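Look at the two complexes coming up: chain A is in both, with chain B in one and chain C in the other.
Moving on, here comes the complex of A and B:
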């Protein structure tokens, strides 16, 4: 697909620079924007999980919202029940999600197209309601996930005005950059090449000695790990996990974000994340200007999201690309 | 390693643009706060509400914010509050705590509202608690019966309005003891905190059940689930059956038992007992199924035009909320809006978040409202109404008090006794315009 690479060292440097810039920027922006920035980072990870799965390994999932829920519940549960430190709780959420993804991936490797879409869709519908069934998961009301105030050293470093949202922003940005850096490296390794080969022509890849089925299971596992990482951060931002926080529409939203980003383009996850946060925001302020009527405020966000999706699919089928000279990804 | 120069530039460009995109999204925030107090100017008081306007929970509840807006517009047309007009910013949260949190951020940080009023849903309010507490934003008359929000230490800026589900169940248990002594009782309840609170209340009241049917929220849409409820009831043959769920579950239970020819005395929880909401979720014919059931409420029946509050609110609804059927949702909205106006008036002309909270703590218990139960607000209590009356549903789904008068039971969310109330409701201020 593409032969161009940054050297791993340059790539690492690039991510470090972006991180440094963003953390500095956080000092100059308001609380609202820091929260939105954190949301963008979380959506970026979620969208990257879809891009990896669909764009690189050629599988589809309409159920990644449910995988996010697994990550969120895993993190919150281990944090509350076993008092894991926050970072370990996050990792625990990722591990649980990855395991779930592995199990699902084994089934998914046998399915493709609409059958896979249907199976994962069922997951998105069913899984969050399971939380209602178990007392330990807190039922409809969910579990609290309050990591408390930012640590003292951060507050001292930054001065007294260090809000909780800014702390969320820092965590989300750092985690997102580390995750995306890891995924970029993975996609540039033999694993990434094998996934693409299997996606483009499974028979040819098999003849070349690539175990396509194993590759698919691995891709599903890694993608689920990413999605559950996003879910755990999602829960962090929310301060709690509930079944209603992971509705079917979340699964669709991240797939929409991935389509807008261009499913074969990992860097596009940034665009996708920004769009997912910006659209409700824009339509919200538009609604206020249009007179706050019930019909408008109830329907405008959906209208804007759907019409931009249709427009992108019609006119920019490879997503809102920034680079013109990049060859379009050919998917079979 | 050979690196193509143009490519390298390209990579760099995309990253820079992407960073810029993120930064732009994050940027123009540094808005300097010109007015001294958030949400209050010389001429305006800005308030905010989050509520489901879309999604499964929207039918019925989506009427509440617009009823509040209608009442505020009525007050504005009659001089406003201390010369200021009230502006209510309504945000849709689709009954999703994630959305509730981001629109609450918008309301507080961007629209700079003075207070949140009538915000709906337990998880939705819980998700914003930390933020609301940190910023000292008053969150008045929350639209949820979860008893936890009355904890003034944990939720220092939150005031509840609805009696808790525990209170409702305790009172229902007492009513059954008084009127159906010796009869067998069954319950269908939602298998979550809503239902758990109810069971807690019935346990305190000492209600014994011949069968308890729990269902996961949402499963009432599945006819086989409903079939199991009815099967369970027919096996247990209760004289009295309590339905403690949302409107769609009430409609499913009543419809299922009608089809099966199963007869019992239904007692409906207040959450799932609104006739127009049932008509919206289950079709107009479903309303007839309510006929003969017993229901509980703390506000007067929305159809009772002999009640001065109802008559006044209906008149306001006709003029300021045209085309909207006056039901319990509209009533709840207007009633909360009236209490809000009284709170704003009590805070005086120098209105701040702190003065608003202080005013409710000081004089909130004397505010006039349509509710029959007294309001429990004080410096230490954030509990709103604490009582219910019982009525029966007529063939059109309208509820009428049993025996023709609203006889009220009151209690608390703990183990306190259920008593028949003796307090009288404050008279309605002239034309429904607060004069406190």
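Moving on, here comes the complex of A and C:
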């Protein structure tokens, strides 16, 4: 499907180079930009989870914000309660999210289109209310997620001015690159091929010996694992997890990011991540020019996002990418 | 206590039925779940609110809000859905394009409302009292406004029932949703009939918004949860059954009311999600749906 294929070794090298460049760059940009860079990385992972789910496996979820919350709560809980080291806490959040995704995926494999969208939407509304039910989840107040100062060796490596935000940036970028690298490899493996086959023509794929339903469940599980990874990092950036930190609008935003970037290609997640951070930023500065009205500043980002979403669906179903792709194989 | 809970359940169930009805009308005519339905409803409610601000009369604003809802529904179909359906036929997001596009429309409507009226909570008062009826010394939580909600919803449902059952238009609407091509051959102007379906749906949503809002506050997002309840209700009843939408709405409203009374309010939507899952996995066509018509 892709016109350009990199060998696994070149791909790994490419990710290493990107990582090295980004980490070097972090020394030369301001605090705010560093934080935004970390946000882009987190959104990238979240959008990649939707791209994998929608673009490759043909399913949809409007509830991935809730899955992110599961990851965030899992990481924060294990970090605070059982004093897991940060990396293990992150992994724990991912495992909890993946398990939840597996359960949901078993049901999701039997639903399609609007049914799945509505069901996951109901999940996104319903799941955060669990936090009120269990004392250990902290109710409305949520849980703190403070991993403390960057470790000594990092500070020594970078010199004196190593800030918290820069540390978050490093973590997010490294995690995002490792995750995207892993997913790229997965999508180029037989699993990825089977997902695409099942998506393009379920009957033909089944005849070719592919278990389409099992593939869908697996895709939902992997996608949820990615989303909860993003959620755990999201909680890290916020410093806490609360039921309201993962609103419906977050679920919508990552779907929007994925569609704007084009769901057909994982590389789109980078574009999507940048767009999600850039639109509020740009409309913020536009609002200042328009006279700083409260109404405008609160609604311009939403207006821009939803109009571009509609325009993309109508006129550029492959997303905002410049490179032309080969025509998709028609399904019927 | 039991009767109180039941009455409150019927009142909220009536609202869910209206929203479910709106979703079913659109689904039958276009095979699209309209995620922008709550946005359309809240926009018509804001129009009613604005008229009420100028005229100081709820009873003038209500029919105008309903009329506005019908116009909005019709315009969404004309300007938006027709383009979407003709354009997004293939490509990587063809299957989910209606979901994504109506979500985009929802965001567009809500930010438009925010730009015009702001995101603060508004009051859209009704002349009817929100205080419960009193029987002797016992005050029940069921108020005159609740009674009006039930009456208004029942009236809308009855009108739709009569239209669908006894008029030529109703026959055309049913034919167009059952077999569009054959209906076309039989002389039904399917695209116009579809448009009427969208207008009816918009009107039903507007009634729901305009009668429920006086019991709480109005904001661009104030009807979002109503959409989720309406969707669950519509799926319980079967997405293509009008009777099912009403029954599903009432079942869900009464169920939620009892959960609220005896278990606690915070779990209602989680229970709603579980109900939705169970229905979809055991009887995906819903209680009143027809299996053959379901294309999902």
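Operating definition for what follows: the second predicted complex is superposed on the first by the 320 of 332 C-alpha atoms of A that agree within 3 Å, B and C clash if a C-alpha of one lies under 4 Å from a C-alpha of the other, contacts with A are read in each partner's own complex, and residues count from 1 in each chain.
Going forward, a contact is a pair of C-beta atoms (placed from the backbone, for glycine too) under 8 Å apart; a residue touches a chain by one contact, two chains touch by 3 or more.
Here the structure is a predicted model, which means the values were calculated and not measured.
Look at chain A after the overlay: chain B and chain C clash there.
Contacts of A:117 after superposition: chain C is touched, whereas chain B is not reached.
When the two structures are aligned on the shared chain, A:271 is found in touch with chain B, with no touch to chain C.
By the document's definition of touching, both partners, chain B and chain C, reach A:129.
By the document's definition of touching, of the two partners only chain C reaches A:313; chain B does not. Using the contact criterion defined above for the overlaid structures, shared-chain residue A:298 touches chain B and also reaches chain C. Annotation for chain A, partner touching more residues between chain B and chain C: B. In the superposed pair of complexes, A:153 makes contact with neither chain B nor chain C.
By the touch criterion defined above, A:263 reaches chain C but does not reach chain B.
Chain B runs into chain C after superposition on chain A, and of the options 24-32, 96-104 or 114-122 the stretch responsible is 114-122.
Shared contact residues of chain A, touching chain B in one structure and chain C in the other: 129, 132-133, 294, 298-299, 302. On the chain A side of its complex with chain B, the touching residues are 4-7, 10, 14, 18, 21-22, 25-26, 28-37, 39-40, 129, 132-133, 139-142, 144, 146, 163-165, 234, 237-240, 242, 244-245, 247, 249-250, 267, 270-271, 273-274, 277-278, 280-281, 284, 288, 292, 294, 297-299, 301-302, 322-323, 325-326.
Against chain C, in their complex, chain A makes its touches with residues 54-55, 58, 60, 62, 107, 110-115, 117-119, 121-123, 125-127, 129-130, 132-133, 248, 252, 255-256, 259, 262-264, 294-296, 298-300, 302-303, 305-307, 309-310, 313-315, 317-318, 328, 330-331. Remark: chain B residues 1, 3-4, 6-8, 10-15, 17-19, 21-23, 25-27, 29-31, 53-54, 58, 62, 66, 69, 89-92, 94-99, 101-103, 105-106, 109-111, 122-123, 126-127, 129-131, 134, 146, 190-194, 196, 216-218 touch chain A in the complex.
Across the interface of their complex, chain A is touched by residues 32-33, 35, 80, 83-84, 87-88, 90-101, 103-108, 110-112, 114-116, 118-119, 224-225, 228, 231-232, 235, 266-273, 276-277, 280-281, 284, 296 of chain C.
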